[in-house]
Amino acid sequence: MNAILFYVATVIVYGAVDSMACLALNVQFGFAGLSNFGFIIFQAGGAYVAAILSMGPWQKSNGGFQQYVLGWHLVWPLPWIGAAIFGGLLALPFVFLVGKRLRGDFAAVGLLVSAVLLNQLVNNFVPLFNGAAGISIVPAPFSGKWNPQGLGYQFAYGGVAVVLAVLVYFLLRRVTESPYGRSLRAMRDNDVVADALGKNVRVQRTSMLILGGMIAGLSGAVLVGFINLWAPGAWGYAETIVLFAAIIVGGAGNHKGAVLGALLVPLGFEEVTRFIPPLSNPALVPALEWVAIGLLIIGFLWFRPDGILPERRRILSRSATSAVPVLSSGESDSLINLGNLDQMDFRQLLRLEGDANDHGIILASDRLTRAFHGVTVVSEVSIEIQRGRITGLIGPNGAGKSTTLAMLAGTLAPTSGKVLYEGRDITSMPSNERAKAGMIRTFQLASEFKKLTVLENLVSAIPRQSGDSFPGALRGRRYWGREDVENIERASEMLEGFGLSQYADSYAGGLSGGQRRLVEIMRALLAQPTILLLDEPMAGVHPNLAHKIGDQLMRLAASGMTIVMVEHELAIMDAFCDPVIVLAEGRVLAQGTMAELRAKKEVVEAYLVG
Amino acid sequence: MSVFLSSLGFGLISAAVLAIATVGFTMQFAVTNVLNLAYGSVMINSAFVTYYLNYHAHLNAWVAMIGGVFTGAVASYLLNRFVFTPFQRRNLPPITIVIVALGVDLVGTFGLQAIIGGSYFSYKQSLGREVHFWGMYFSTLQLIIIGICIVVLGLIHWLLKYTRLGKAMRATSANATLARNSGVRTQRVISSTWLISGALCGLAGTVFAMNTGVFDATSAQLYIVLMLAAMFLGGPGSAYGAMIGAVTIGVATELSAGYFNPQYKEVIAFIVLLGMLTFRPFGLFGSEKTI
Amino acid sequence: MRFSKMVRRGRLVDNSRKRLVLVASALALVASMVTLPVAEGISGATSFKGSITIASVAPFTGADAALGPKYATACYAAAQAINAAGGVLSKQVKCKTVDTRGDPADAVPAVRQMYATTSNLALVIGCTSDEAATVVPIFGAHKTVSFCMTGQSEFDAVHYPFFFRLVPPDAADSVAMVQIAKRHNYKNIALAFGNDAGSQTFVAPALAAIKSAKMTVVSNQTLDMSASTFQTEAQAIVQAHPDAILMEALGAAGVALLSEIYQLNGNKMIPTIGTSAMIDPVFFSGVTSGPVGVQNFISAFDADNQTVNASGPAYPLYKKLVLAQAGKVPGVPSFPGLLSANGTVHLYDGINMAALAMVMAHSTQGAKYKADILKIAEGVRGAVNVSSYAAGLKDLKAGKKIHYVGVGGSYLFDSYQTAFGPFEDDQFLANGTTVAVGGSLGYCGLTGCKAKL
Amino acid sequence: MSVELTKQGLVLSASGLSAGYDGRAIVSDIVIEATPGKVVSVVGPNGSGKSTLLKSLVGVVKVLDGHVTVGEHEITNLAPEEVAMIGVGYVPQIDDVFPPLSVKENLEIGGYLLGRREIPGRIDMVLDFFPKLKTMMTRKAGKLSGGERKMLAMGRVLMLSPSVLVLDEPTANLAPMVATQLLEEFVRGFADHGSTVLLVEQRAKAALRISDWTYVLGGGRVVLAGAPRDLEQNPLFVESFLGGSSTARTASNE
């Protein structure tokens, strides 16, 4: 009978709305690593804007018993579009909370609090959206032409809602399954490293905040068009927690999981519990719902942190040998020798144009100084790096090698002094821009993107990918596909060279220490640096292989790549680095070839006496 | 002037309750790095235990309070022992712990509501006679609460500065590994921290309920926001910062209520919190996490 | 959308015993009773041909949880009498509760589901300001007659054919409050209304009425229902030295405010005039168990209310029936306390009128019997007064025209089918029931109160 | 220096030790022994695993294989606090004090295992040994200079009158003069007084000067060992620092 059909229509609409919300939140949380605890703000904003755009001016409309701003009486779909746009704009004030500086959990708290705050303000400030009473008698789309209470209309509405949800699903897949999506997940796994590879973390986060906000706004519009009323009671901060629960249950980082979660938690819970007859304590059932949601969150995070549908591993390699058992370090190190590194020629792989090799000064530091809480670690270091050479940086522990390297790369701001790139002062240039300009650094500590496959790790580093931007991603595979295949080719080729092909499709997080180092070196090379800053690249790498890598670096340098290498394995320095700069107690002690340095008394002292 | 003084008076009361709560909250963060957003639910559960002893076991409210304090201590200890510690062992990102804490908060708050229903409760307790000086108004009850607050903060100061345990807490919070190298059994220290902070939580819950005069299962849900504001103002993890922060927030909210509009009195707390998060995430004084 | 209210203020009615058992059983129910439609029958006379259902669509949980049970009680009470009289067209009357949680986004699916799971729905009662705006159009679409308790003035402006309102808009309520103040010759008035939808509608009309009554507003406080203390507000009111306070703040907020005023005023109450919604057992027990105490409270608290014709012929039966529901309705601490609660009084009358209209129209279809409600309520020429379903049924069977004069007197509807009835000044007794004092306030409308319409 | 500053030393020995992080060995097959009254030093280029070795001895890093004993106690994989109780005092290279605590409080924490009454006496004893600290008891440890900080770190350890001292690069980031003083006056001093000293040093020559026996680490293994005098003659020694081929050799030995 059609009463049931009406109910079905309602459930369809709510299901679509919840799905849109979860998809949007999942893109922020599951893909970009943004814990947006203020998500509900965006949905609410969209709902309000859709309402006031579709209603007439408040003095006249329905007796003027409610007040609100605007009231433009726009025809569908303008109010919905307006809602989406507003949802996006709403993201801007929150950008400061998701910047690189703030701890993730602090930012989350900030957003949570914003949600509470805005709800209170709207609730108490009547002129804006009619306060606690909310805005009612919001005209449903085309309510003039058709009867919104008709079954046909209701199903049509449900249909539109579902279509929108599906469109959102495909839009988001388009974004996340692109090179840009790869960069988002890279940022999620390790934002500092992503930044050092030239990804603009702040911009990426902002765009995801905006994209998610727009979808949230749209979902709000769809809902308010259906229930024709929107009030603060409908968007308490806890709504967001329910959505988070949905995503954790469904599976973060998986669009299908988000939809599943939406259907299970916000929709399923509500509709099922409605059938329970009232018990002697009416609070019981709703209260138990909340308890259950709390338990779901804790239980899943403990027993199945990846949710029902976990994020799926992206298989890029043509020879899709998925799920390679990750070997323990021992075996793998012997395996590493299998690489045909010596036969490889990276030059055309890395698109290096010939040997433009004048050995001019490309990078220089001028009285570079850095102090941590009053303790000076690097003081007045002035060094010059020549193009097309491998410059070594050595020195005892605490000599300030890594600190100097970090300041050159821009990941650490100097307390005083300058960094000059081809004579230009770049001291204030942010690290990701330096990376774009061709200054690529590696890190001493493991810095792979854990939940990206080895191949993804490498491809993500390749610069100037047409698909590695929001608009680029939107233009779809047809636009970036061929190029991406090429990039994967190049990455696989290098992987081959390092004898790690069999790991192409396994998560980088699972590799042994030595292998992870190699991934990092390969990644840095694929970033096609003009200046390559390596921080102890050979640590934990098998000596034989270390030497092969060294030879490769020599060839690259010969064809114009500039390399700076911090390394304590002096054998490496001997073999490959010229010149070598010795730092001790944060100062430049000496410079020259290793042979010269060994002859220098103060160097021997620095190492043996202090 | 009279507005100022009377608002100041109310501010002092709110500050007293808030200070007790925030100190416990911030100690948990300092020693175990847990942002325990479930704190409010423990508060309200403790407050209810006090109510139960006071109303059904016919104990004097002040006696019943001991039960509340005990509840807070035990509940917090168990929470850390069986929820937060296991999760932390998996060294997950801090955000996961926050989400877990929110889950716990739901269970705590609505578990209580499922049992006691949604109605509201008041202690069997007289406000005592009205006291009025320097343009401030207090009930005897409120003066007692302020007194309790001063004593408790004094005790905390004594604990942290002059006792073996207190110093061990600060050492653990500064560098747990080194503390162990020095022979400190950090696990015990952490447990005692949660017991003590939990006791504060229980106490806070009870005086919170006494001061509002009436409470229900969800009364403390938004209180955590004021605590966060106070904590971040004084620097997360700093007990003394928390005291100063609490007094500032307590007084500021009531002043804004007196001069501007009581409806928006929490707004100032929110603004402070967002401002601190944006510009000085480690507080006005703190540069790093230190008890 | 749907979860919020619970978190903002889950304030409901306490019902202590054997709770843990319930927790367990409820968990079992979640699993087992998923597909089972909800209908709580009142077993009455046996020989029924089928049944009809009357649904109380209202908040049973959330901020306004106190409202739902009042309406449900009205239904159970009326149904018991109707079934005892053989039912409606020999159909048994069953009552059903639909919890909207006071959240519009929650109300829509709740109502849709109600329709999906009840085939024989004949009447809807309840629908407060929290959800009326979203659910009334749905009722209209299903041609279901609804008696709504919303005070929102939007229903004075928009016409819904199946929508009836047995209480005047909140505006009239405010006017009545001011009328009470006038009686006591109060000059300086303070206002304290919650910031929730239901309470805010009183403010503007109250201000207007105070102005036209030549009184002065010395303080006007809006209470943030999510706040836990209201000392500043209380202080502002005390400092303004009002003769009386007009207030509506349901739930803990009202209790907190009154006890803080009591404290700041040197442990003395300030005379307080509440809206009819404040005649509520939960509020009464809350405030009297607090510091204020019973004696101080009842000596200083009045509430306007629509006249409950306690001396009238309908009252004794009504009283018997309401008290007979004790324990049957979840969430009501004191049934005597409901006797003058306007939700219970007027919906009881409404159900009787609707039932009689069904008999008169020989149909339980809203479209068919809705016109007869007006006839029965306002009385056509030569109609005999009846004050119970049984009596009305007898006269209808005897072919007479009838005019229903119920517990709330007789109902005169305006063009939007809103009834304006006479008001009275109620005071609580120590046992939580109320009595009218000082005679009728007359018919209060937006403009003022007059002796006759 | 005062008589009971350190207890009579115990033999600290590790055999067949391999240790590292999340199951991956950084140092392997280590056999070393430190005896009472002697300074035994471990030197080697950085990255050779010196610090990891020490950490594994005191329970901070997991021992994957082999045994560690102090006197007759087996301390393999004991919790750091238990190792401390047995009488092993460990001074890490960095993060060696509690910055927010005052100097006095740092010392008190050092004496955590002592009875309340003993502590003040102990503190005086330590202060006699590091008189410089006397003047700065109320200052926060975070505000001390490198040298003062190191003294405090050692003082903290002395509070429990340890029988074995394990020092990780005490001279790192110290001005050469301070470093030399620290090693020759204090570190040597402990040993001369009969306690066991295991010292990891970056400044190999300085270390050799005060050591009775020295192990040279390379690539996580002991590549050389001997009396300082002999080592200095040994060409491999300098090479193991500035040549680095040692690791290559050990590697190709596999």
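When the chains are written out, they are named A, B, C and D in that same order, and each has its own residue count from 1.
Convention: a contact is a pair of C-beta atoms (placed from the backbone, for glycine too) under 8 Å apart; a residue touches a chain by one contact, two chains touch by 3 or more.
These figures come from a predicted structure and were not determined experimentally.
Which chain's mean C-alpha position is the greatest distance from chain C's?
D
Counting C-beta pairs in contact, which chain pair has more, A-D or A-B?
Of A-D and A-B, more C-beta pairs in contact link A-B.
For chain C and chain D, let me know how many angstrom lie between their CA-based centres, rounded off.
Whole-Å distance between the two chain centres: 80.
Nearest whole angstrom, what separates the Cα centre of chain A from the Cα centre of chain D?
The mean C-alpha positions of chain A and chain D differ by 43 Å.
With chain centres taken as the means of their Cα atoms, state the distance from chain A to chain B in Å.
Comparing mean C-alpha positions, chain B is 35 Å from chain A.
Distance from the CA centroid of chain A to that of chain C, rounded to the nearest Å?
The separation of the two C-alpha centroids amounts to 54 Å.
Enumerate the residues of chain C that touch no fewer than two other chains.
6-8, 10, 12-15, 19, 23, 26, 61, 65, 195, 222, 224, 226
Two or more other chains touching the same residue: where does that happen in chain B?
As it turns out, chain B has residues touching two or more other chains at 110, 113-114, 117-118, 217, 222, 263, 266.
At which residue positions does chain D touch at least two other chains?
none
Report the complete set of touching chain pairs.
Going through each pair of chains, those in contact are A-B, A-C, A-D, B-C, B-D.
In their shared complex, at which residues does chain B touch chain D?
Against chain D, chain B makes touches at 164, 167-168, 170-171, 174-175, 177-186, 290-291.
Given the complex with chain A, which residues does chain D contribute to the contact?
Interface residues on chain D, with respect to chain A: 23-24, 45-47, 93, 142-143, 146, 169, 171-173, 175-176, 179, 202-206, 238, 241-245, 247-248, 251-252.
Mind pulling up the chain B residues that touch chain A in the complex?
Chain B residues touching chain A: 35, 37, 83, 86-87, 93-100, 102-107, 109-111, 113-114, 117-118, 217, 222, 225, 228, 263-264, 266-267, 270, 273-274, 277-278, 281, 287.
Quick check on the complex: what are the chain A residues that touch chain B?
The touching residues are 35, 96-97, 101-110, 113-114, 116-117, 120-121, 124, 238, 241, 244-245, 248, 281-284, 287-291, 293-298, 301-302, 373.
Mind listing the chain A positions that touch chain C in their complex?
Residue list for chain A touching chain C: 1, 3-4, 6-11, 14, 17, 62-63, 65-66, 120, 123-124, 126, 131-134, 136-137, 147-150, 223, 226-231, 233-239, 242, 266, 270-290.
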